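Below, chain A partners chain B and then partners chain C, in two separate complexes.
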Partner chain A sequence: MSLAGTLGRSAAGRREPAWRAPALWGGIAAFPLVVGLMSLGIGRYPVPIDQVLLALAAGSGFAVDVPGTVERVVLLIRLPRILEGLVIGGGLALAGAALQGVFRNPLVGPQIIGVSSGAAFGGALALLLGLGLAGLMAGAFVFGITALVIVFALSRVDGRSPVLMLVLAGVVTGAFFAALVSLVTFLADPNDTLPAIVYWLMGSFATASWPKVGLVAGVTAVAATVLMAMRFRINILSLGDEDAQALGIAVEPTRWAILVAATALVAGSVAVAGIIGWVGLVVPHIARMLVGPDHRRLLPAAALLGAGYMVLVDNVARTATASEIPLGVLTAIIGAPMFAWLLRRTQAGGWT
Partner chain B sequence: MSEPLRRRALTAVAASAAIALAGAAGLAPTPAQADPVTIADQNGATVTLDGPAERIATIPIPAASMVVAIDGGTDRLAGMHPLSKTALTEAILGEFFPASVDIPSDVVGQGFMPNVEALLALDPDLVLQWAHRGDDILAPLRNAGFTVAALRYGTEELTRGWIEMLGTATGNADKAAELIAWREQAQAEITGLMADLSAADRPRTVYFLRYLSELRVAGEGTYNDFYIDLAGGTNPAAADGSGWLTVNPEQVLAWDPEVILLNGFEDDLSPADVYANPLFADVTAIRDRRVYKVPLGGYRWDPPNQESPLMWRWLAMLLQPELADWPLRTQIVEAYGWIYGQTPTEAQIDGILRLAMNGDAAYYDRFAGDAGR
Partner chain C sequence: MITVEGLSYHLPRDRCAVFRDLSFRVPDGAVFAILGPNGRGKTTLLKTVLGLLRPSAGRVRIDGATGYVPQGTHLPFPYSVLDIVVMGRARGIAAFRSPGKADYAAARRALDRLGFLGFADRPVTELSGGERQMVLIARAIASEAPILVLDEPTSALDFRNQDRVLGAIARIAREDRLTVLFTTHYPQHALHVADTALAMHGPADARAGPVADILSEAELTDLYGLPIRVARLDHAGRPVRTVAPVFGAAEPAGLPLVAP
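Here is the complex of A and B:
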């Protein structure tokens, strides 16, 4: 069995018309762009579309006449929020796709394996101690990694992580950190820190701002570059440790580099927007259905689709009613049934 | 007869004997009667006490300062919620009644779950607990043999119910009637002042329960909505939902509030935070400098409390400066005199009205003391 055949079943399995791949990639790349631009035009404060464009022009330095409020709505509220959604959605989907490859298991997502719970605990602790945005980030990262290490150590059997062990290790780790989160909320002052922690845990982009976008975009750019650069190695790792070793890969360092980068993506998003589940689990599956299991194509596709998906969901959260709908609630309500459907559909033919 | 019951009966006998003796000598210190006291709690239950409650343990957070107001002191307060205690000791009542530092606050845990053993150690003759948070937090109290009165919260009517109930329970029915009459009189007076206001004359007023961690505002049916309306404003959030609403900054811009009220719960929050927020630079309330932190008196003035009439007047003077005018500082001194038997200093009144934070906001000079004018 050739490597190419193993890695690209769809490419080897059936011939596709020559126009199809460019059209598909054009669509995938246009998706976040179109969604992002469209989203600039919707919100609770009514702004006509020409005013949106004028505000964007004003923000780019052109001398155009646009009301101050409109400019603020578009440039200080919607634009950072949409960018934050794009960056975080892309980052979470990318992290999910990479984790699924490294763990050789399509059930893996930051939430299933306890990384989200770990990051939630780190962030909640930082909020309890009043450490600010950088502290939140550091707390989420350190405890996200801790959770990952625990799951990894617990689930390893003969150099692999069998589904059952992985899920159980994730349940154990997630439950442990969830209990620690409860402990933090128990200790928090009900007048100010407790509402802040509870709100943050539900996940939201409502407090998006340019500094937050800068922070999460910086972390995501570094971590995503690492993962993108290693996407062929993820292919090889997904063959199993022995084969990967035989092919000349330093398995352990490679795996750790990928895990740390994926956790950094999750921690970055957790720090600025709280816990947003299901994106990292569901979106890679959709991407896999579209472009196949080769991580060289899967990773960029998942990132692009995740970015657009996140902004679409957030549009519902911020515009459906006068009050914000917690994002974590929406992603779970959409994500869980979608995952169930994917599970039935893809499991029938075996995991690819 | 169980041990606590027997002890209570003995106490009652001893008390009636003492009162009888004192009465015989013409020395009755209070008109306390030895007859059993019956009150109807806000769960519809009838609660019977052997006599006026002498040792009250309060689990609902605002109940402790309400007891202090009705009794004019902390003597009957046997135990309270930890947050009641910080509200007392870190504000003016702590300065009026320094002994409140020693009142136990270990009687309740997370989620208003009573600590029954700690309560038993205090031997209260009346325990106040929430009525609307499920029976799980009430049953342990009943099972331990305590006399429990359940309270609801959130409307003016319920608050008057508290006052009446606690007045009866502590033998302070007259004081309670006085407090209720004060509320009725203030409400009627302000309603009369605002009667002819057209909708357009009512400034759009938004109350932020949270501002720092999220934007959470008072919607329809909240007590804040009630007093915004009473004091001559209109709450634009009420049209968009009931209860507490978490909103995004864009929604606040869409409402364009003319007055913003900031909660007294977030200690670090001050109007300066709102003025400095670039997102809200074009909001009318910010342009007109009408952002106010809600005062903190014997309790935070945001929720229903014993000093609500002062809150309503404060707000009416800010929302309708042309129509409403009272010497509020003098009224605070008068009210504190008959409610707590205390006279606040000028500096204490400045603190209650949060002059340091609100001082340079529009129309706030009318609350400045003589030194500040």
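Here is the complex of A and C:
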């Protein structure tokens, strides 16, 4: 078993005390759980933790006595929002970690393959045309995948997609769809659809609902299962195309399977919550500092940390001021300096 | 056994061939060296044989899997030595699986045979060039492939490390009865470990045969466009052959300097 087999060795590769790895993984696994539970009590209407647990018990069908308001606030308002945050944060961090491995570059994020911009355009277009929630999700998803297909077509050289061509094709595709997004906002009715589009683009969990949670959780479950199953393959791809091929791997199909799974994660999150940047870039770095570069450990760690991180940031977004701060704005405000600090810290000793 | 028949390779969108109509055979258990000046296509030939590049004509037949030691790998992530070596097992691990106990055992065995087991937990990014070369050789050994292909395994190494790498290759090849194919810029390395050699004199002029014939003074002088002497020395009663280029004595109209 890979995880247990490699747990004994630390990030730096030196032998560590036997308690360190279980404690570290216990902490990483507990992080999203604890943050999620605490967050159920945080907000305009504070709920003590015992009441939160009682409300959860009531929601699970146990006959417990909870005030109706508490039950409604916890189960109908906060729980879907927090679950959505956990799922999307985990998915974005997982996608980021996988993409950084496949592109052999720790500076890569889900934006780099143009998928975010494609999904943004699809969603904005649906809002412009007034297609409703289903249209918004379908639009984001379809154009996220469209962006990936365009990247695929542009990056082909002699039947292959070298990493450099992939990145360049991603930049070109991203810029193209960003321009289309501008066009859509320019065409939008400034009294009605324009604010909707702008707020949606800035990212938010404020509109979280059980159907949305169900949708994004379904997509994330499938895509995350694929990425987790292929995490040793990501290790091999991170050696470079030629090495991977010489080691007996079918490089192209493997890489595209991972790219499609990552795209599904990003497009699914954009569809329900708009554009949330930086999570897929910053969280894998933190995870790498904690558990090392091996993607067999990095992917689960990034997913768990991303889930907790996202809900933490969303807590700030919904409680810091009287009106909500857009989530995408917050993740950038927190993420950019954090990333700068990580860069300074990690540059010296390679990407640890 | 590796059989190469009428192999040609053109760079994409280039009419001029890197090499043309190349044929040779590497019998099972042979140690086969490929020599030639920079830019003559040694690495290209190796990659074509491995199937990493598609030839423009001709064909390559290989009986069995290959373990490949590339010419220095850029590693963006500080994987541990053991993690790198276990990747040599990738061929036998299904797409949705991770290496198991047997794979780690094979990786440790490969490191142990090179005397590198103590490095298992070290990050590869902190190793010296010679150490990294040994790790890549261990990775190829861990694959348990019957054919070992190495691209300039001794370039950028000092004398002591050249000796260690060559010694390791020769020993493993003998013990496991491997077929070895390697490129080199050092004729004495070919004389030391190879029994057969291919000298790439020109795009359509490659000569294969027993290493002593292919790497004679006259042949080497023609190959590199510079007078080259093969000297026999005596070391502690043992004859030693060494190759000495006569620097500064090249024909003025010698080979143009070509980038590798």
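What we mean here is this: the second predicted complex is superposed on the first by the 296 of 352 C-alpha atoms of A that agree within 3 Å, B and C clash if a C-alpha of one lies under 4 Å from a C-alpha of the other, contacts with A are read in each partner's own complex, and residues count from 1 in each chain.
Rule of thumb we're sticking to: contacts are C-beta pairs under 8 Å (C-beta built on N, C-alpha and C of every residue); 3 or more make two chains touch, one makes a residue touch a chain.
Nothing here was measured: the structure is a model prediction, and the numbers come from that model.
Of the two partner chains placed around the shared chain by superposition, chain C is the only one that A:P106 touches, whereas chain B remains out of contact. Contact with chain C, but none with chain B, is seen for A:F232 once the two complexes are overlaid on the shared chain. Contacts of A:E242 after superposition on the shared chain: chain C is touched, whereas chain B is not.
When both complexes are overlaid on chain A, the residue A:D50 reaches neither chain B nor chain C.
Touched residues of chain A were counted for both chain B and chain C, and C has more of them. Looking at the shared chain after the overlay, A:T207 reaches chain B, while chain C stays out of its contact range.
By the document's definition of touching, of the two partners only chain B reaches A:T69; chain C does not. Note for the complex: chain A touches chain C at residues 1-2, 5-6, 9, 12-15, 101, 104-106, 158, 229-233, 235-236, 238-240, 242-249, 254, 257, 292-294, 296, 349-352.
Across the complex, chain A is touched by residues 83, 110, 210, 212-216, 219, 237, 240-241, 245-251, 253-254, 265-268, 278-279, 281-282 of chain B. Across the complex, chain C meets chain A through its residues 12, 47, 50-52, 65-66, 68, 70, 73-81, 83, 87-88, 90-91, 93, 95-101, 104, 121-123, 125, 143.
Against chain B, in their complex, chain A makes its touches with residues 43-46, 68-69, 72-73, 76-78, 81, 186, 190-192, 195-196, 199-200, 204, 206-207, 318, 321-324.
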